[in-house]
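Next up: some structures, all given as structure tokens.
Both complexes below contain chain A, partnered by chain B and then by chain C.
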Partner chain A sequence: MSDPAQTPSRRSLFQMIGTVAGSAAMYHAMTVLGHAAESPFNGPIKLSAPPPGTSVLVLGAGIAGMVAAMELRDAGYRVQVLEYNNRPGGRNWSLYGGDVYTELGGATQTVRFDPGQYINPGPWRIPYHHQGILHYVNRLNVALEPFTQVNYNAYVHSTKMFGGKPVRYREVQADFHGHVAELLAKCTRQNALDQTLSKEDRELLLTALKDWGALDANYEYGKNLISAERRGYDIDPGGGLDPEPAPSEPRAMSDMLRSGLWAAIGAGHSYDMQSSIFQPKGGMGQIGKAFGKALEPLIQYNAKVIDIHQDAGGVTVAYVDSRSGGERRTATADWCVCTIPASILSQIPMNVGGPMRAAIDHLPYMASLKVGLQFKRRFWEEDECIYGGHTYTNQSNRVIGYPMWDYFSKGKGVLLGAYTFGREAFIAAARSPEQRIEDALECGARIHPQYRAEYECGVAVAWHRVPWALGCAGEWSDEGREQHYNNLCALDGRIILAGEHASRLAAWQEGSVTSALDAVERLHKRVMNA
Partner chain B sequence: MSDPAQTPSRRSLFQMIGTVAGSAAMYHAMTVLGHAAESPFNGPIKLSAPPPGTSVLVLGAGIAGMVAAMELRDAGYRVQVLEYNNRPGGRNWSLYGGDVYTELGGATQTVRFDPGQYINPGPWRIPYHHQGILHYVNRLNVALEPFTQVNYNAYVHSTKMFGGKPVRYREVQADFHGHVAELLAKCTRQNALDQTLSKEDRELLLTALKDWGALDANYEYGKNLISAERRGYDIDPGGGLDPEPAPSEPRAMSDMLRSGLWAAIGAGHSYDMQSSIFQPKGGMGQIGKAFGKALEPLIQYNAKVIDIHQDAGGVTVAYVDSRSGGERRTATADWCVCTIPASILSQIPMNVGGPMRAAIDHLPYMASLKVGLQFKRRFWEEDECIYGGHTYTNQSNRVIGYPMWDYFSKGKGVLLGAYTFGREAFIAAARSPEQRIEDALECGARIHPQYRAEYECGVAVAWHRVPWALGCAGEWSDEGREQHYNNLCALDGRIILAGEHASRLAAWQEGSVTSALDAVERLHKRVMNA
Partner chain C sequence: MIKIANGIAPRLSIAILLAALAPPARADTAAPAPEPRNPFEQQAGAEIYNGVCQGCHMPDARGASGAGAYPALARDRNLEIAAYPVAIVLKGQKAMPGFGNYFTDEQIANVVNYTRPRFGNHYRGKVPPADVKAMR
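Moving on, here comes the complex of A and B:
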């Protein structure tokens, strides 16, 4: 996207294409790298009974740790879980009013959201094909509701095009499709495809392009009631003797291309964003809470692991109180499933072999920022008819996510005011929470002028400052995965790793689940063959 | 679509393109004809107080009639509503277990659905821009939940292609987009667009096509992890040492074009189907029920209008009991808002002028069929990971609609087993309800083999046999609208018509609402100027 051979003006255009799409382009890039895909989950696992008294120590009560703990417990293992935080879930986490969060560097935020309002700093959606996490969601009776990935009435926005005014998603998609269809129809009719498609196929193609692209009888995409039925009207059809409907004016293809706004169209097409897609009612953190309740006697909270040692007899883990430090304690077991993020684990002494250690030390972690903003009223619904979904912008906040629950309610609402990865997220991590919020307000106000008058309070989580994660997810490169991935996942003596970082679904809870299931299955096989 | 100049084999292909899309193509055709668009509703109306004692008789307690009655009542009019059925709502209607429905011809169906199960024989979705009906939904405190228009994991199916096996929607869309992008990229690189786009725009177009169409570095759409992130995998990425992901094989463009399956892609793009889109919790009929409750003392049920007469002094309407006939009664008022469908009204004596009479007599009504099928379990969710949305088929049932509520529940479920217009709907109307259900089962079983084993009971509503509607909605042609529409809507003495047929949003509740608001505003103006 930033080929140095490009002239400066060209380069900036290309960069803009890359940036304006916000998470859409980011996710597309992620998926090309092998992230984010369908689960190989094939229904619940059933382990046979282990030798009586066989014990497993699980490190981390995030999704991976709790899946491992639940399956091992169910099989008959003696299980103990050590968790750094004072709550279950890990990155499965929702922030509600009254919650207090202290980040690395000491900045403490007390969330002042009203009851019923929340933000998910970590994962916030579950696609239909993530059948592993969906299995546990249903087993734990966590209620789901639909997540709205694509909202045709939300905006795509560039400060550099169309006077800096936001454009409705439906206009961007309709115009891009329409112009692509018109261009291909023109080529087809000018015989450019005669060597590629048969005459019959060319005629079918013209029929298809006309229908799909909303072209007129001359295979042109223009201002008429055909395109209006995709991009909207200047005067909408009504009842009785209301004024007659009038179509709206499509934007020129050249402007569409130069705006980069087209990059937002892919957001709902990629495998992990396709409908149907769900969220837990009341926040993603409801899953972690339900897991924690189901495993209650097994989990020891506020336990900061400081040493992991294995020998012929078992595994000994040393830990201290994560709040107060103090006395060094130990826990022991025959085996260990360690789900501590590699970013943290690389700093903990653990006597594993060189290949696993190299893999742990290798893996970089993605930066990410989420900002939640509470407003006095749901002006995006009341004033702009935006019910859920996302607005994409080329500004540093990248995304505005509208709450996908309590639609049409008259009360307050919390927006996701920023959702960024990479460069913007690193910059945000270097700023104070207050500054991150102010940045999100400044960007958002250029899209929604109601922002300043309606804003009440906010919270900002920069994942590189989350003390127990130091990043939002493992960021595998193709080369890194080739060299280290299998070594990271291999059973090393009595220790096996699990988590999204030990999966090909990085940053997704499904990666945590499938990783944990694969880990306990291999561990169990080892136990039974011991 | 059925050009007689085509050879038979070509013609059948084109017909298939037209039919396989089911309601998608139908709705696209409808929208081109001027149906189905955004509401001009601009917030609640506020009528001034009329002269004390001014009375209005509203005929029909469907959405239009109840909107008119509510606004007139609120302004201070004396309002009486006559309704043929024993319930409010009209075509706003949900069928629940225990409901009894007798169609024209005498066939009676007693619905045997379990508690909580239902089908909406009439309207079933409300797009974000139908702000008129949404206003009343919110005023009446009817809860809404998201409707899923597009489900990437539902099917598109043709008995004539791909071995008659259903294809996932995501594969159809990804392959169509991918091939379109590849073809246009090829034309662009072979200079076919040199006269149309600047060099800079051509390069931007290539970048856009590659991203949007999931093309590889050579601008080709092929079997690789890029296309897999749109159409899905042969082996899905997993956790730990699960097998490595493997991409799936795209279908050839020629097969895609000949299959006609691409016609389903437009379903979610058209203005009235775009997300966000909603449904009332518990069935569309909840709106009618809430309206009825709010207007309770004003509505007289079981009143079959048999004569409408106006003179200098007012309007007199004669009616009988719609169940038993018997005694002729009359109701009188100063003015009349008549929302009786034109299909029925054309058979009722009413002394209006020639232009309105000609308009009423002119308007044909669309045929439509909906079949609801209850199954013992939600096999589409449990076995096939289909949560809501629609499957499109070239069979006579056209559409299977999956319930968009109670996702992941372990109980029973009701599918929309058929949803047809036009020819298929007329044929269905000529068959018994049992035969319609059997037809839907036969078609559905070719897509979901679980049908026969899991089926419990069903109900089939063919709208041309609904005694109080004789069709699902007014079917305006461009010519008919040109000649008759204004005459239908004009105030004729003391009588004004309202309903979806008196709107440019035919078949939508928003047409009923905007028509009713326009009618009462014009009527009120006439009253105040009298």
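Moving on, here comes the complex of A and C:
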């Protein structure tokens, strides 16, 4: 980042406007400059100075807890953070070679990845419109690199179609769009849409379908150089006296429909998956580490919270050493921002009102599985020209994610060998780490025959077995939100909750950030009105 | 093909395949495709316990403890009345998700009937699938 003292960055410009003219003016300036329109994140918050000595206890040093701690500290609060783990970040977490992870039930995995290799068991991508987490990433000088959601040369795979052979995403999308465009063009030309569209619109539609679906002059999708520009060639165009290019053969509409492979086409269409997407260089956990460093004196690690009590005088939190148990200790403050996941918090005595308690007790936590697999060489790049992105399959591993860093390096690489929710993730949690890895290898080998020969080592994280989370994220139903969400987020006496569970961006770090900022602002308002 | 008894129409195998291929998530670690949920294939109580339940309650049914805990089902007085575990499996409790959409009445009866006389519990009598259906 440039030095703000010399060249004011946009952020520091906004801060200057905010300082002299107030936050409304700053927001207006940001909107005019096209910054604030896309995100609930309204730019850096600026809290006025609280009464001297006002203290806040933050429970949890995940993203939400550390955002809250940083903003409260900066405003002048006395802040203390209690964290169960021996590291900052919470679910913002990367596993590297040498890391040791023990799950519930006692299975211990020592990660044997080479230096530079890692897997993110939790969050692993940041969409461009998640301006809240991106603000802190930039503030903490964490370097970002592009994350590829859709790779047209990766595969879509079904064990039940096309002889169980994987199909390139490029071909699936081209064939499906092409066939649909041809059908719709046929309907249009056979006057089936005359009641719906004017003559002029029908002609425009035909032009658009020809373009969108790569149709020929007769509005047909077939084997020719037009469709080859979408789905690829049997012989690619070359130079000099290379052979003439030859188009590839589209798959039949009926086969495409029955294969189900079209379900993968939407992978990059949703708002959260659209380019640009980012990842921190060296693993998502770099954000948590940078936060932890910035807040170093404030965070007490290895602290297992066992009781939260508020009264007229303040908040008292009892905790023990998360490794050895032992002596009961207490921490006190005027106020408390609690970011402990509801899965854990529902088991901790805390004297809050019935509505908040009911909300905490209501929320189920999702199962999820991620498996990281290290291979001796990057065969997906060397043999198959797959650089980043994802392969989708109907097998129990569901996804293969290719590493999105160090492309073309001659060394090793770590694949995301499985990424599942629901049934597959429940089953994985009931299996040993070794079995989960074996399952991922078995599935992957049906797509990449190189798997068995090149595999070196792996690690498997089933989120229901994670001792400090008991699941990957809260699973809100529409009815649950309707009934409980506002009660979960409301300030209860001296206690306010924050985290992805207290957001409408479930399981996203942006939910943690925006939840923490909202909680801190409301708490601060309460303090100033006390 | 598993018959779903809870009002969800039995799905054709192709529908299951399509669901299986749906993009994995709408959120970062998360947000599963909302519906349909794929039912479990395990039928016998032992298969269901070992294939699913032990993920949290552990192979010996003694639960586990970290920042929070999973309750033991071993020597568990709550299993005395079969309707209690049936209700918990169907609807969930606190962070435990409900499995009503994942299991048939028969599957839930089977796994409850598997657990009640095991793991240091000695409760007699079997809950019939019809009782599970009535509690949905």
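In this section, the second predicted complex is superposed on the first by the 491 of 530 C-alpha atoms of A that agree within 3 Å, B and C clash if a C-alpha of one lies under 4 Å from a C-alpha of the other, contacts with A are read in each partner's own complex, and residues count from 1 in each chain.
As a working rule, a residue touches a chain if its C-beta (ideal position, glycine included) is under 8 Å from a C-beta of that chain, and two chains touch if they have at least 3 such contacts.
All figures in this text were calculated on a predicted structure; none of them were measured in a lab.
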Touched partner set for A:429, first chain B, second chain C, both or neither | second
Taking the superposition as given, does A:514 touch the first partner, chain B, the second, chain C, both, or neither?
-> first
Once the shared chain is lined up, is A:122 touching chain B (first), chain C (second), both, or neither of them?
-> second
Which superposed partner A:270 touches (first chain B, second chain C, both, neither) = both
Classify the contacts of A:177 with the two partner chains as first (chain B alone), second (chain C alone), both, or neither.
-> first
Of the two partners chain B and chain C, more of chain A gets touched by chain B
For A:156, decide between first (touching chain B), second (touching chain C), both and neither.
-> second
Would you check which partner chain A:448 touches, where first means chain B only, second means chain C only, and both and neither mean what they say?
-> neither
Based on the superposed arrangement, let me know which partner A:475 touches: chain B (first), chain C (second), both, or neither?
-> second
May I ask you to decide whether A:261 touches chain B, chain C, both, or neither, giving the answer as first, second, both or neither?
-> second
Touching both chain B and chain C, residues of chain A | 258, 263, 266, 270, 505
Chain A partner contacts - residues on chain C that touch it in the complex | 14, 17-18, 20-32, 37-40, 50-56, 58-59, 64-70, 92, 94-98, 102
Counting only contacts in the complex, chain A reaches chain C at residues 84, 91, 104-105, 122-125, 156, 158, 160, 258, 260-261, 263-264, 266-267, 270, 272-273, 304-305, 322, 340, 342-344, 346-348, 361, 363-368, 392-394, 398-399, 419-424, 426-430, 462-473, 475, 505-509
In their shared complex, chain A is touched by residues of chain B numbered 10, 13-14, 17, 25, 28, 31-32, 34-41, 128-129, 131, 134, 137-138, 144-146, 148, 150-153, 170, 173-174, 176-177, 180-181, 183-184, 186-187, 190, 192-193, 196-198, 200-201, 203-205, 207-209, 211-212, 225-226, 228-230, 232-233, 235-245, 253-254, 257-258, 262-263, 265-266, 269-271, 274-276, 278, 385-389, 404, 407-408, 486, 489-490, 498, 502-505, 511-519, 522
